[in-house]
Amino acid sequence: MLNIGIIGAGRIGKVHAESISRYVKDAKIKSIADPMMNETTEKWAKSLGVLEVYANYSKILDDKTIDAVLICSSTDTHSQISLEAIAKGKHVFCEKPIDHDIAKIKAVMTALKGSNIKYQVGFNRRFDHNFMAVKSAVESGKIGSLNILKITSRDPAPPPVSYIKVSGGIFLDMTIHDFDMVRYVSGAEAVEVYATGEALVDPAIGEAGDVDTAAIVIKLSDGSIALIDNCRRASYGYDQRVEAFGSLGQVAVSNDTASTAVLSTTDGVISEKPKYFFLERYTDAYVLEITSFIDAIINNKKVMVDVVDGLKPVLIGLAAKTSLAENRPVKLSEIEKLYNL
Amino acid sequence: MLNIGIIGAGRIGKVHAESISRYVKDAKIKSIADPMMNETTEKWAKSLGVLEVYANYSKILDDKTIDAVLICSSTDTHSQISLEAIAKGKHVFCEKPIDHDIAKIKAVMTALKGSNIKYQVGFNRRFDHNFMAVKSAVESGKIGSLNILKITSRDPAPPPVSYIKVSGGIFLDMTIHDFDMVRYVSGAEAVEVYATGEALVDPAIGEAGDVDTAAIVIKLSDGSIALIDNCRRASYGYDQRVEAFGSLGQVAVSNDTASTAVLSTTDGVISEKPKYFFLERYTDAYVLEITSFIDAIINNKKVMVDVVDGLKPVLIGLAAKTSLAENRPVKLSEIEKLYNL
Amino acid sequence: MLNIGIIGAGRIGKVHAESISRYVKDAKIKSIADPMMNETTEKWAKSLGVLEVYANYSKILDDKTIDAVLICSSTDTHSQISLEAIAKGKHVFCEKPIDHDIAKIKAVMTALKGSNIKYQVGFNRRFDHNFMAVKSAVESGKIGSLNILKITSRDPAPPPVSYIKVSGGIFLDMTIHDFDMVRYVSGAEAVEVYATGEALVDPAIGEAGDVDTAAIVIKLSDGSIALIDNCRRASYGYDQRVEAFGSLGQVAVSNDTASTAVLSTTDGVISEKPKYFFLERYTDAYVLEITSFIDAIINNKKVMVDVVDGLKPVLIGLAAKTSLAENRPVKLSEIEKLYNL
Amino acid sequence: MLNIGIIGAGRIGKVHAESISRYVKDAKIKSIADPMMNETTEKWAKSLGVLEVYANYSKILDDKTIDAVLICSSTDTHSQISLEAIAKGKHVFCEKPIDHDIAKIKAVMTALKGSNIKYQVGFNRRFDHNFMAVKSAVESGKIGSLNILKITSRDPAPPPVSYIKVSGGIFLDMTIHDFDMVRYVSGAEAVEVYATGEALVDPAIGEAGDVDTAAIVIKLSDGSIALIDNCRRASYGYDQRVEAFGSLGQVAVSNDTASTAVLSTTDGVISEKPKYFFLERYTDAYVLEITSFIDAIINNKKVMVDVVDGLKPVLIGLAAKTSLAENRPVKLSEIEKLYNL
């Protein structure tokens, strides 16, 4: 029986806690820490059978019976807590991104070197039933060799401008999932990135120095080309589609809906909108993600999303930022050189 | 070069005339007759290069250079004109139904016996791209042996009650197409019919002694079962679907639309309604139907819908009427015996 | 905190046990009884935190701390255990059907009279996201008044003939769910039933006195007409569709699939097959069903599927059996009179 | 009655000739010229009622009774024949492109200045039912202001390498249609183009100096962004899709199929492939295109695709070629300056 500690009891920390308590028989959540720990959270934790709640996460790291920690705290603390947890010999599940600062990710990579620690990064979309179906079709050779990979990724509504200011920008905050998806589906590495964008949804986003609508083209190491389009607001809901086209055919996935109902009236033939919110859309993916992490520990398997998978999308994001700023395609090698990678 | 005469220049007569003039190089329309022949119709006929227009159809039958006639006049004249045309040795395309009176259909059958006359009945749906796809899938064995055949057939709006009073009732006027479709798709014969219905669309239809909403179950000679549902009014348009289910699978066809456009907004994901009107839906089927008839004449092939195909759906319709009236399943053999068939 | 006892630890008993332990915070499974209780089942029960396991279900009924029981034993024991549980004042969730013998259902109804016992019958499809969407569209008036209700219900593969012999026949074993669906969606009662069928899947089913392919037409109390088609084997999986057509439009639901993936190759444009197995298809419905039962107890609400809802589909099933045997439409009133209802 | 002359009796000349003879009552094809005029073509022309056939197109231009000419000859002759036809006062329908040489297009523009000549360019996709539905949804404001426009355009199979060598390259030969579609749907002008590509289908195409797989991003004058992806070979057929996303929603069109048939078997749920060949897909669009041209002449309307619409996609194509060659985004103003536009 694995003992788990959860650091950060916000929205995503709660999702993982409930997934483990419902679906993982070989692990129990022993403790949960959150700097804002309060009565409500404590009550919720108790209802899951959690024994200890703390404000200070060090209590969890100091607990020798804890086998693994889930880092679900704010982004700016991910790399520091990762380093401390690794130093204490804990397995780590770290929400994405590890950091936007490449140096800090490198420090985590260095710390992991030579250890037997399982370190998984929270790119949850790799565990989505639809995207797994695309990956599987590509990997099985059903579409032949990949030529074109298209990703549509649009949020139902933009976050507050205050968040956008500290988020690292659309490419590091939102598109980063799509950069991971490109690597996941293609099995290839990004070689060069061209990115462009505009603030079409909200001028305040433009004033904050970011764009809210973007197009990105990535040349991949296998010669194939990826196209991504993003928008911070899709009136009809969370739009998450992937299409992989190759020498023998194409596999495409569309959105999930709450039901298959189709209403035909004088107004038209009306189906349901995509699920609106990412927690709805990725409910099952979150369960699979966390059970996969625990399975990797218990059965000593490779994690499905390792520290390098955590690093690469950040590099692509930095290339995209440079491309947008300087209006030119940017090679990944240029970014890697900057950081001595 | 075949010379064609068209008897009846109403809606469907015009459709066939235009199809021939556009698509059939080996036939020309020499003459058109209509009791209401007027200037507008004459002008239209001239625009197609038709040489002669008459009020009296006998002029066409008396013309020895005419090879084939299309009987597009009112239903009550079909069998009589058929007999006259056969007597004159003309090939005949007769709009459906030949008649509602079995004795009159038998007279046409008798007249045809031993002749080389091509006699085709106007069950246009056999030439629809969707229904041909179903037929082809069934015939090819792709769904194995047929178990269940389902037909949905709903009109966008009911005809005037005055028409319903003389139409022979829903089973002989509307469902007759579906009875033909059952025979066409299954390749089997009806053995027993159960029919029920209600006047749910318009009580005046009920007062006229008919129903406007119906369900029919037919047991077929190959052991399979057909289910038909009808309604005189579907708010969203002309609803024409067929689904054939067998030991190895199912083939189903849905409606045609004017475009593949899908609009996603806060209101939902909205596709186009089915084509509203039967002439829109079956535009291409009408062309194929009439070119098939002319091809049968020129190349001495069997017609695709012969006089027996014209008779059988009327028999099924009479069985359905009896079933509704007497609230019991009715064997086709019972109806056949009534008419010494 | 409600104490639950589960009687019968077969497939469906296990499903309910896991649903409660995962999703219901206000109830705990105290004990589980199964005549075949063994080490494996005991181990599984312990893993859910169940305190007591028995071979004899009376132990559960005798336990005064038990508030509610789930009767998941074999069909022939449902009514007897129901009576005993009611006598002990337990709330009851009883898997469908209560019995095929109307007298036994009546005994349960009598026992419930005047009590405050919540008695819910296991028609799980009422909790399916798709069928709830149909029900909701009908109830909201979006399709106007109901004219035609169509249900397609086909199993992926037939049960063993040995089971068919004791199942009560296709109408009481399989179509019974569709009879419930007709009542659920329409909100109306069956008035008359016509049923026909054949043994097309397996002649041994015919030899056992049953059919494996069936069509049923039901006239409803609101004048609308329901059509059901069944087959014991659909090569492509579990086919569960409903279509409700009314004066203002239609709502239809199709099958669920494991993903939205569409593969386009030289072979065609290929989507996923329906989920193959009922436990896969109705996973979420089972959770909702059992949480709804517990919610009814805790919050003193009406159960969503009461004892009358358990009775009516059996009556329709008996009418269908009579109809098939005597080849005539059968009025529900005829069956009711037989049983003094 | 308009007299039409057709110059070039290849595949597309024949399509237009048949469309006019079938569907246009106010125009007749008086003469057809083709340098390869032979017996087969003559016979075909006679069957359409064409009076004169020539090897030399000047005969048509010299005929004072000819009102309009259709230039369907090889691309390198388009601009020269256009100039001669304009000089003779004929209305002109010119197949796309007018030329790849901007100077030659400018000469045509100059020749047209001040005249009343109708000059339409053959961008047939503007007359496709699907793309018109997208345009109409955008123009009506249903999707709000345009943010992202996505075009997928893939041919079923590449042309011979010999053709590719003289075609002007993928951007001027194939993507040119998509550049036109961007302008048509958005109603905006291209401002900057980024293009990349690879020879993934056939290395011989790469050796010929071209790519066969491409991605293009275009910034438009209204701030929106267009993404195009192309491939010379899609195993499953001719793939022509457009998706327009805006502040209020999205409109998307998928491919046309020969029927709506869906086959469900143990192999999956299989729909039809897209229509394979552009003449199949755009059958109706070609009719609409040519009737629209004749309508513009007869009713003195603006043509739907004028000479500027013929010029602009070539400019975008040249920008794309420069972008690919120099691996940088290229402003349209840079290309325009080159040609003093």
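Note that the chains take the letters A, B, C and D in the order they are written out, and that residue 1 is the start of every chain.
As a working rule, contacts are C-beta pairs under 8 Å (C-beta built on N, C-alpha and C of every residue); 3 or more make two chains touch, one makes a residue touch a chain.
From a predicted model like this one, the values you see are computed outputs, not experimental measurements.
The interface with the greater number of C-beta contacts, when A-B is set against A-C, is A-C.
Relative to chain D, the most remote chain by averaged C-alpha coordinates is C. Rounded to whole angstrom units, the spacing between the C-alpha centres of chain B and chain C is 42.
In terms of their C-alpha centroids, the spacing between chain A and chain B amounts to 58 Å. Chain centres here are Cα means. That of chain A falls 40 Å from that of chain C. Annotation for chain A: residues touching 2 or more other chains are 235-236, 248-250, 263-266, 272.
Within the complex, the chain A residues that touch chain D are 144-145, 147-148, 150, 152, 154, 194, 196-198, 200-201, 213-215, 217, 219, 223-225, 227, 229, 231, 233-236, 239, 245, 247-250, 327-329. Those residues of chain D that touch chain B in the shared complex are 22-23, 25, 47, 129-130, 132-134, 137, 142-143, 248-256, 258-266, 272. Partner chain D is touched in their complex by these residues of chain C: 235-236, 263-273.
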